[in-house]
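The two complexes that follow have chain A in common; it is paired with chain B in the first and with chain C in the second.
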Partner chain A sequence: MASQEITSKNLFSVSAAPVWHCGRTVRSTMLHSLLALLPAAIMAVYRYGYDAIAVIAWAGLAAVVTEFLMEKWMERESTADDFTALFDGVVFAFLLPSTAPIWLVVIGSSLTIVLGRMVFGGFGGSPICAPAVGWAIMTVSWPEFMDLNAMLLNWDLVEPLSDLKYFGVEAITDISYTSLLFGQNLGALGASQVLLIAVGGIYLLATRQLRWFIPISFLAGVYLTGLIYNIIDPTLYASPLFHLLSGGTMLAAFFLMPYPSSSPTWKLPMLLFGFLGGALLIIIRTYGIYPDGTCFAVLLINLCTPLIDLIQPKPFGGR
Partner chain B sequence: MMKIRLNTSTVLQGSLQDIPVPTRVRIPLQEKHKSVVKKKQIVGCGQVIAEISSKSAYNLGFVHSSINGMVEDILPDAIIVGPIPAPKEGEEAPVPARTEPCAELDTLAGEELCRKLLELGVTTSGMHATRTVIVNGLNPEPGMIASEHLLESASETLKAGIQLLERALKPGSIKLVIANGRQFTVHGCTTITASDVYPATIDPLVIYAATGAERPDNVDILSVVDLYHIGRVAETKLPFTQSVVSVKDKVFCVPVGTAVEDLLTAAAVSIGPDKIVTLGGPMRGASIFDMAIGIDKSCSAITMVDVGQFPPVQPNPCINCGECVLACPARIHPGMLSRYAEFEMFDEARSHHVEACLECGMCTFVCPANRPVLQYLLLAKAALIAQDEEVAACRLQDL
Partner chain C sequence: MATVMQEFTKGLWKELPPFRLVLGLCPTLAVTTNAENGLGMGLAVIFVLALSNVLISLVRNIIPKKVRIVCFIAIAASLVVAVEMLMQAYAYGLYQQLGIFVPLIVVNCIILGRAEAFAGKNPPLASLADGLGMGLGFTFSLTFLGGIREILGVGEIFGVGLFGPSFHPFTFMVQAPGAFVCLGLILAGMNYLSVWQAKRAGVQLDPHFDAGCSGCGACKMMDQIAAQKKLERMNPAQG
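Moving on to the complex of A and B:
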């Protein structure tokens, strides 16, 4: 019969519904994110020279190689081609002082992957933001090598948050907001390029790779909490704008807080998560022993994610 | 890659086109249908070939032959009607029976009319007397254009369909939902406008747009294509044995059971194994591997997609990004539910409201990990139904 002949001749491929897809993949998202980090990386190289290139490159390399080895050991297919490991490594590098020794960069970047991701089953499984984990381990283990002021003695500049911590509000009165915006003070390699990090973040928002809920509510949380302290006593607590533009606030808002697996998924929880994270950042900076508490704030609020994510709407037609 | 738009409303071109009557049709059957013809039997266009044994007025419609021909084969899911063989020497050519118009259609009303409609091939299983009836006048999915085409070109038939429905169901009111900014009316319907962006065009969300209630239990919904079927039955008093199917930007009226390849040939669309072809739209349509499959009465579009145009769906791990949650119109967590289904934790899936899923496919559409999220959800739903049936069977044994 004619129909049977045709059947044996060409069978068509089938696919489960829907046959359309928005075209976004983990790989494309990560490529966009890396592109968003690029301007800040270039600025870091311009400011800190070859050291910055070395730190970023070693961090990226160590992350990708560690992930590859771990996946080999776990007998899994390598996922190096989706660039998630590279992204984590680069973000981790952005949190380091540019003169960090290579052994520190390699160990930190490997631990970012191992303890931040692979122990939880790989990208997407970790309940905490991987680069923040790497930074926290390094800061606790080798505080002298992570101290931005001590590591960057070659430069005749100051680290605004350390100044605020150890010398009070008067010490930072002559630091202008524009200099903070353009990263003209000492700071972590990439995180201090505040304007360019924000540009990258806005690029991600504009291309809809990133939703606005967490970044905006995080910045609002930082600003409002900072404002409250500032109103209580302006001579003791820095202005909220200073907090927004210093340390790792911007990097946290656009890259650490919205880390996919460690942030909530519903709308209201995302807003709450961002806002509480921002508030926590100011609280840690005010009362903590470290000058910049960004990553600690991110890690702590990550731990609250499952709790916050319990706030769910009723399903459609639910009574 | 081109940007995908999920708007479904389109500006219409051309008119309803017929195709050359195919020599062989493969008329799909549902599980409940019972064949009433024998192999080699000569059947006429409009003759009943499969019926429903239940006497209820609200059930699946009977199946009629859509061409004059001879029954070639009876399969569990289809009846194949082929050409009448040439008569032998000295014999008279067999004449297929002519179906007479059903004269009493004008006089019947209420449940009797529903029963008659069912015998004329109209599926009445979703209808109930005295409820609000909503006609979904939105194109259901992007690329499916039959609904708005019929609203524009066949308003007289639709009016006849509405009048028949009024007699059969005595509905409280009939509402027509159309896309924002469009100007369609059908005599006897209150017109309501709603968003035309998928998934707002699927039935439960159209009901919500029309009534403001989620899953109300006093509303029936039917599509414009369904209404057109009823309208054609009302006009001709004969069973309507054709499907209205859109292919790309044209709309065709084809005999039920026409092979997909016959329609595509008539539409001058070339296909090969480098295409994925689905019956239905791009979001909910079922893809087919064999182009000889017959077009069902309820199928209103054929969609083609190039292999490799979209990233392939694979059982990748969920990355917890939450895109599916933001896209889901049912306000459930498809990502989490898909993982429950993946690891066969069906009771967990139930406690997280998997049954609220509207099966729109947006979760799979947006998933950056390319997981088959909807399939996992469907798996969980099917497994839960099977589980419930098993429990019910056990209870019956205990009694």
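Moving on to the complex of A and C:
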């Protein structure tokens, strides 16, 4: 079948003879990514208790089982052992409120795999970031169960971004940056553990599982666009640092934007991709109807990837 | 008579307008938020399509080739205005639901597509059969799509509740992106069905040519163009 042809070795014969396999596989990259998500997951469990474990576990389980069943049906070799499905499920869980009902978690996680990946031919074929697809469908379908304030009513805090959306800049003046950094405000299960997500991201950068272009340019895009708005009218638009530390910005920078197969591959396109994504995030947060537009920004910029990828390096000796 | 029957049945499955020919997608995506809207839209299209096919077929020999598109649209537009007024008079609720998409039947791909590909070349009876078949296929498809979206997105079918109060409707399906996703999955399902049928019959299926192309005529046109170019190359003095 077509999939076997693509993965067969003779298609990968590179011209210059001494070639050395660096030992990197999809499996090892995904294990590193899961390890990078671990601190934030532990912190989420510490903060939100048993609910957080249940949501993460069900999302991961549903993703792996869905992928296994789909591959069985498509008569393909199962790829459950490369942990891509588990990664997608866990990242999807990180975007949910910790008290999300289990049926919503299972449906969302399965749709993440089916509509985000399998309809495009599995991992590596998807033009859009799978966990963001799951989040977007869930948010459009069941806004009442995805609303962080409504789902976490027993906490007397309010989600900073919806505060900003519905009550303006004055409402967020007493929210300190350190409390945002340590995830002491209301937020999505894992995405609100900003510092630990960033630690995981820096681990990925340090072990060179991830190149720095997309995360750094994404954060720069968020900061600069936020700064422009903030300079225009500080009483109307929040400070750029607030945007950097709230909602899913950090998770998007290190895990959603550099999602393999939906992000460009060369340096300049990666910088452009990240920067435009960051700018879109601020624009959607400012004018959109949802408080947090992170995943919508990621999905929109993913659709531009084929265009941005047209910027290609000039081959040596080429004209 | 056998051929008339064939022209009628091909629109029901082999050349099903939205799912096989992928024509008329604008109303298919926009009005199918529930089964009733899909059915109403389909009925309006059957009326316009069948009558416009017959009329165009009757006048096909007296229309000059160069202005045929204008004539087709004039005929379709008159019929659509008639449908719109009838709907306003007898089905005002449906008319308000469908809104702009009733007048937009004028520029629906199926009307012009069938006029150009079939009614402009064939006698009235065959054209009527073709229009009725295509219209029925279109109606079934729209009702089917509207039904799926209504069942999942609202939990009802033709306004009758199915699942009781504990059901949380999958609202994504009745919104615009749900239409695209649902249509894509149905198209994939149609292709899967063809492959499965072919496998069962033991036929090796060419994946690029599974839809019938008897109604199109593009290949014949290309041949004519090629022949004309060849003629011009042979006699450059005349050109």
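Here, the second predicted complex is superposed on the first by the 300 of 319 C-alpha atoms of A that agree within 3 Å, B and C clash if a C-alpha of one lies under 4 Å from a C-alpha of the other, contacts with A are read in each partner's own complex, and residues count from 1 in each chain.
Everything below uses one rule, namely that a residue touches a chain if its C-beta (ideal position, glycine included) is under 8 Å from a C-beta of that chain, and two chains touch if they have at least 3 such contacts.
All of these numbers come straight from a predicted model, not from anything done at the bench.
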Which partner reaches more residues of chain A (counting touched residues only), chain B or chain C: B
Touching partner for A:Leu115 - first (chain B), second (chain C), both, neither: second
Touching partner for A:Thr265 - first (chain B), second (chain C), both, neither: first
Touched partner set for A:Ile42, first chain B, second chain C, both or neither: neither
Which superposed partner A:Ile102 touches (first chain B, second chain C, both, neither): neither
First, second, both or neither for A:Trp20, with chain B first and chain C second: first
Partner chain in contact with A:Gln312 - chain B first, chain C second, else both or neither: first
First, second, both or neither for A:Ser141, with chain B first and chain C second: second
Intersection of the chain A residues that touch chain B with those that touch chain C: none
Interfacial residue positions of chain B with respect to chain A in the complex: 1, 4, 24, 26, 142, 204, 214-215, 259, 261, 271-273, 275-278, 280, 282-292, 303, 305, 307, 310-313, 316-323, 325-326, 329-333, 335, 353, 356, 358, 361, 364-370, 372, 374-375
Chain C residues touching chain A - in the complex, by the definition given at the top: 168-173, 175, 177, 181, 184-185, 188
Contact footprint of chain B on chain A as seen in their complex: 2-3, 6-7, 10-26, 28-29, 121-125, 211, 260-267, 270, 312-318
For the chain A and chain C complex, residues of the former touching the latter: 115, 119, 137, 140-143, 145
